[in-house]
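Here's the structure, in structure tokens; my notes come after.
As written, the chains take the letters A, B, C, D, E and F, and residue 1 is the first residue of each chain.
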Amino acid sequence: MSYTHFNVSFPASHQYVAHVEINRPDKLNAFIEGMWLEMKTIFDDLSSSPEVRAIVLTGAGDRAFTAGLDVKAASEGLLGKDSLMGPDSDMARVAVKFRRTVAEFQECVSSIERCEKPVITVLHGITFGLGIDICSAADVRICTADVRCSVKEVDIGMAADAGTLTRLPKVVGAFGWVKEVALTAREFGAEESLRVGFVNAVHPSKVDAVNAALELAALMGRKSPVAVQGTKELLNWSRDRSVADGLRYTGVWNSAAVQTRDITNALLSSLQKRTPTFEKL
Amino acid sequence: MSYTHFNVSFPASHQYVAHVEINRPDKLNAFIEGMWLEMKTIFDDLSSSPEVRAIVLTGAGDRAFTAGLDVKAASEGLLGKDSLMGPDSDMARVAVKFRRTVAEFQECVSSIERCEKPVITVLHGITFGLGIDICSAADVRICTADVRCSVKEVDIGMAADAGTLTRLPKVVGAFGWVKEVALTAREFGAEESLRVGFVNAVHPSKVDAVNAALELAALMGRKSPVAVQGTKELLNWSRDRSVADGLRYTGVWNSAAVQTRDITNALLSSLQKRTPTFEKL
Amino acid sequence: MSYTHFNVSFPASHQYVAHVEINRPDKLNAFIEGMWLEMKTIFDDLSSSPEVRAIVLTGAGDRAFTAGLDVKAASEGLLGKDSLMGPDSDMARVAVKFRRTVAEFQECVSSIERCEKPVITVLHGITFGLGIDICSAADVRICTADVRCSVKEVDIGMAADAGTLTRLPKVVGAFGWVKEVALTAREFGAEESLRVGFVNAVHPSKVDAVNAALELAALMGRKSPVAVQGTKELLNWSRDRSVADGLRYTGVWNSAAVQTRDITNALLSSLQKRTPTFEKL
Amino acid sequence: MSYTHFNVSFPASHQYVAHVEINRPDKLNAFIEGMWLEMKTIFDDLSSSPEVRAIVLTGAGDRAFTAGLDVKAASEGLLGKDSLMGPDSDMARVAVKFRRTVAEFQECVSSIERCEKPVITVLHGITFGLGIDICSAADVRICTADVRCSVKEVDIGMAADAGTLTRLPKVVGAFGWVKEVALTAREFGAEESLRVGFVNAVHPSKVDAVNAALELAALMGRKSPVAVQGTKELLNWSRDRSVADGLRYTGVWNSAAVQTRDITNALLSSLQKRTPTFEKL
Amino acid sequence: MSYTHFNVSFPASHQYVAHVEINRPDKLNAFIEGMWLEMKTIFDDLSSSPEVRAIVLTGAGDRAFTAGLDVKAASEGLLGKDSLMGPDSDMARVAVKFRRTVAEFQECVSSIERCEKPVITVLHGITFGLGIDICSAADVRICTADVRCSVKEVDIGMAADAGTLTRLPKVVGAFGWVKEVALTAREFGAEESLRVGFVNAVHPSKVDAVNAALELAALMGRKSPVAVQGTKELLNWSRDRSVADGLRYTGVWNSAAVQTRDITNALLSSLQKRTPTFEKL
Amino acid sequence: MSYTHFNVSFPASHQYVAHVEINRPDKLNAFIEGMWLEMKTIFDDLSSSPEVRAIVLTGAGDRAFTAGLDVKAASEGLLGKDSLMGPDSDMARVAVKFRRTVAEFQECVSSIERCEKPVITVLHGITFGLGIDICSAADVRICTADVRCSVKEVDIGMAADAGTLTRLPKVVGAFGWVKEVALTAREFGAEESLRVGFVNAVHPSKVDAVNAALELAALMGRKSPVAVQGTKELLNWSRDRSVADGLRYTGVWNSAAVQTRDITNALLSSLQKRTPTFEKL
């Protein structure tokens, strides 16, 4: 597979792992429209690829995971003559078009959450705006010591619309902290991210962080894919629902999943002290 | 505006910030009935005041943010001859009246959450019972090193009814900790509050804490009020709903909000390296 | 009361406290089918026993709270000739039977959450799989310094089905941490458990931890049982619902609860500086 | 009590019944701003009045229950120079003000649903727009043979915002019928209203319909007010929630309500073949 | 199986059908405590019995499906000296005990809804109070021409607590009709029941109605039990949830169910113009 | 636009109306895989086409709206050698693939519900299985006198999975009727469909029914598209949520929508007794 704005590789050192890299480093990996559509294509494909069991998402270059939306490009659109919001445009009709656009945009970010395989992001350098939206949709976040995070949207006069306000409070526990960073756009770094639970671990350099992410992904890849993918699905379903609905869905889900040969395979391997291998999924 | 139990000021040093002070220091700022009704009036007014973009709520005096409900006053009512619960009263009818009263009481505390502007509370000294209900309804909590917090209600034989049991677990992440402090009424201090995420920061003295809160409020006040108020609303809506419902509501909300001039204003200011100013809201 | 797989005692030193001990130490307290049914019977009984106001749940022996499901016993069933999943069995019919079984199994674990009295678990040594399900259904968790926890299920090829995936993210704040430990089955210890809020406290030895749990239970037992049991119920109800529904339910619940004599009792005791005692419930 | 736009009477012939009449017959009882605020005041007062157990809401004059919002008054505001939506106004700021206004407006209509006593509306003649919103918030609807109903809002270029789109599908069963009348604004009459279940009964004349409504209200008024008000509350709560949540809330609600003397009163009266009387509530 | 208050038979004429008859005709089939517990036992057993694919529930004798709760027995308990609600009892403690009782009572009625097989009730003669609760929990209702229904509870001073207020509005479409009959306890008959959709059909005599119910049950019994039981479950799940959650659950449920041999069996039978037979479930 | 399995036309006689016709009449318009994907493409396109304000969906030929899924084609796949469910396939892996397929299939049917414009279906002749799923996702249903409907799925051994079980009970009021037809697959005709509210009207012939549908669509097309599309959205949103959430969303939605020029346009036209025209959307 070859992409315009992303590098997608399958490191031989880490079986069943896909490495997706945002590849626009000269612009701090800032997103233009084609990029988020391509990102969705990638995650939709990986979601059903039998060769892939876990995914690592990183940003190319030394300076940024991503600076977020390419504001310069967006503001040219906004201020330019083709803008939806011309002086004669009807406000309700502009709103309809905006809703369609933002729904599509949200779908692209949600493709990470909806991806059937676990997604681990590595945050380094500048991680602003859309960067936080993307990381919040992932399963695990790992960062470098020099990361600079910001829920940047209020600085450009708007409330974040690609998922940070919905998902970040479900990713970290401290709602007051979320409110502070979202209402002020102030930066926060590695130590603070670790303390509030936004990231799982901090590594001194980008190389270390990416390696740790690949190792973690490979570890997940060595487990039964039936079990791993079911675990991601059940955790995400339960997050949004009552315990009763979570338990019921779990029982229904597992009524098919436990009929897998992976269980006997895992049990026998354990009794025989050997490493199990699992069929593709 | 002049109030009986509260001081409301607009510090010249902090533009767009309102400072609300609970003002019954000789009684540890304990609440009697008129006070919670007045608190609702204040927050309802500030919610729609175009001069105000963020609010700091503190308690007068050195000893307490608030000791909570004025138990002495309440118990005189309860034990006195006008009590709802006389020996001849019908229990179901007493229940109806209690429900009306508690609904009104809850509405007063909820006026802080429903207030369109961010609310920052400063906890110092004794912060018991209703004090925790109030802080849990605010957006950000800052405390002094000497704060003494307690979910005090079980000590007077009842389950907290003004919101602590509903909101506190959505404010901090550790549900087991919430259960411990709610089921025992034991005190907890500044360090513990910071560790579990109940407060965002600890300051050595009340003066320092109030200043920090005012600074934080002023920082929020310098941002676009369209963006800040939308952010508060979307965070609170999403907290109670699924990610899918949060994203959909965000798109609908922003379909009007992004048609503000604040965005072009912010973008142009950023390109021109100057500080934007925003119209009142 | 005498049980096959559990010891249930009522320590004279800790009034109103029941101590339930999983008693199969030679098998690391691993669960076979009869055990979870018996556990439900015990918690259902304690739930309505007027002698009991708080419960401590521990595992017998030095080595384990519980190693979880007895995989050896389970795998003999699974691989044996009486298995549901024989070569001729209809998959949909197997699924129906599995759903019935898992629903019953979940009910047993949920009996801890549904128990009207607070439940405190003490984790020591090996606490794997079902052990995490059980602890997540309890109200407070305390552990020893040597505890070894694991959401073990992916290691045997399945997604956890007795509640961990539903409840653990509602017990700790950091969703990324939950995902990491659930998707990898890696062990985590006391310090990590404390940091993410999974446990409330760490004690050097099992004796210390059990004593701390009994003290905490006894403290809860000295409060009004009307207040304590209402607090547990309202916290659990609110966890799964919006703030608005939490507040409304609280008002309705308390409309009966505040008509208790425990409140005047507590208030008068407080005014008279004496310790209140409360009627059984 | 005396009101500007409404007549409120307590017919001696129908004990415990309040009769509220919209009183602007020369304008087809069309609503101007003061009217909906006054309507809320009336229903809030009647909700807690011990003299009232059921309420009948009708429109004065022969021609209309209500023609809905006074469009002429509204359009003067809208087209006039004080309009929110002037050429220089910021769209996001207009949206904020609109939301505040519509929330207040919705609150006024919702005061009928929230009123603790059953509300029966009598529809006659023109019943357009806001008239359908109001009737949908009531408990029972009765109409005359000549009634002309219309979900009128699309005819003035907007989606209904005072509750019809939310409540009408929960009042009648046939969602396709609701969509047809809401998407076309076509009129429907008495027979159709009865067939789809929008009204409970059709009467030949307004006098007959009002009398039938008063009789029905008086019948409700002769029952235990604890039972009647609980029944309204539990039906409305359950409508919006799962069966499990409905049952749980019912049990909690009744735990106070069944401790009323009304039950023994009703049972003894039944055994003694006499009519019970119940204390005020 | 032999029961005290019920007859349970398996008519040879109707394969896979169980006929459950409430058997206390001299008391109009009124329920005393043992009866509802026994009813739960019966439906729990039938739910998992492989011999049963559909159930018909009727009342013995000519006069009543059931007169509801045995008020005389209940009032003796209530007025007698063992009552929970003695003059010295603490109201909050009474409430706790009431909640436990009503939860158990609700569970017994819910066993009909939770039963994996379709349940068809036949209403004849007096069908009051608990009779409506029971019928509302069933899947299909058929009645005789002489049926007399009443949501009777307000006549004894209480709001219905065994499910009518929660389920009846989800069984019929017309919410205003439900409110009228629930708020007045007035009787309604066969024609009205058919018109509002409470019953599916009216038959002239009890014999005819029971036969029609048995025929309907037998028709369901001739279909694939995997398909029929899945259909009941998915309809009940979806009733309480959003369309999105209904669709998702359906896909998960069917991922096991479609792996049944019943589908190829049914398809081949259809191609070969013969009647399929299905394995037990 | 030209399609393989559908005719899409824009009748000059009915401005702003699109007519979509299922075009496989020799196979009773039965669906094969390509058809549902194409159906989604069509409705997604029409959803955002400014030329279209309402859509009529019909089936080509005299005999059927659609016979549903092409069972013969499906069974060849199922029984053929490429089947997912071969003897060696792992059941859990088959379940994963089935879930992906059914989710895609559901998305295609849901494209009708999600389409921003109202969709009116005309049912004639055989309307089985998927035909009911499709109609239930539409806004309005009109049928011919000779229509033969059936929720056919249990006859082929499965529970309906494309939406009937989720949506049909939200389309008609009588849940018992839905259960009967879904649990037995028995046919129902025009009169019954009208009585339960499944269809809005019955017409003697297909020509009459299609004309009536086009007229209804054209009537919707003459209203403000801002108002009509908002009304569809708000009705569908509110169906799945509480009244409180419906009202809140309505206010937010309308805060942009009421800033349309359509309202002043409609008001002025009304005052001037002329027909308004509205800008495209």
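As a convention for this text, contacts are C-beta pairs under 8 Å (C-beta built on N, C-alpha and C of every residue); 3 or more make two chains touch, one makes a residue touch a chain.
Here is each chain with its UniProt name: A, B, C, D, E, F = Enoyl-CoA hydratase.
On a predicted model such as this, the values are computed, not experimentally measured, just so you know.
Can you spot which option in B-D, A-C or C-E is basically D-F again, with over half of the contact pairs the same by residue number?
Among B-D, A-C or C-E, the interface that shares over half of its contact pairs with D-F is A-C.
So which has more C-beta pairs touching, C-D or B-D?
B-D
More than half overlap in residue numbers between the two sides of the subunit C-subunit E interface, or less? Answer same or different.
Same, since over half the interface numbering is common to both chains.
Quick one: subunit B and subunit F, Cα centre-to-centre, how many Å?
Those two chain centres are 47 Å apart.
Between subunit B and subunit C, what distance separates the C-alpha centroids? Give it in angstrom.
Result: the chain centres lie 33 Å from each other.
Hey, how far is the Cα centre of subunit A from the one of subunit F, in Å?
34
Quick check on subunit B: which residues sit in contact with 2+ other chains?
91, 95-96, 170, 172-174, 196-197, 226, 239, 241, 244, 252-253, 255-260, 262
Chains as vertices, touching pairs as edges: which of line, ring, star, complete or other describes this one?
other
What are the touching chain pairs in this one?
Touching chain pairs, listed by label, are A-B, A-C, A-E, A-F, B-C, B-D, B-F, C-D, C-E, D-E, D-F, E-F.
For subunit F, which residues are in contact with subunit E within the complex?
71, 75, 78-79, 85, 91, 94-96, 98-99, 102-103, 106, 110, 113, 153-161, 163, 165-167, 169-170, 172-180, 182-186, 196-197, 239-241
What does subunit E use to touch subunit A in their complex?
Within the complex, subunit E contacts subunit A at residues 241, 245, 249, 252-253, 255-256, 259.
Can you list the subunit B residues touching subunit D in their complex?
48, 90-93, 95-96, 100, 116, 226, 229, 256-262, 279, 281
Which residues of subunit C touch subunit B once you look at their complex with the stated criterion?
118, 139-141, 170-174, 196-200, 216, 219-220, 223-224, 226-228, 230-235, 238-239, 241-244, 246-248, 250-260, 262-267, 270-271, 276, 278
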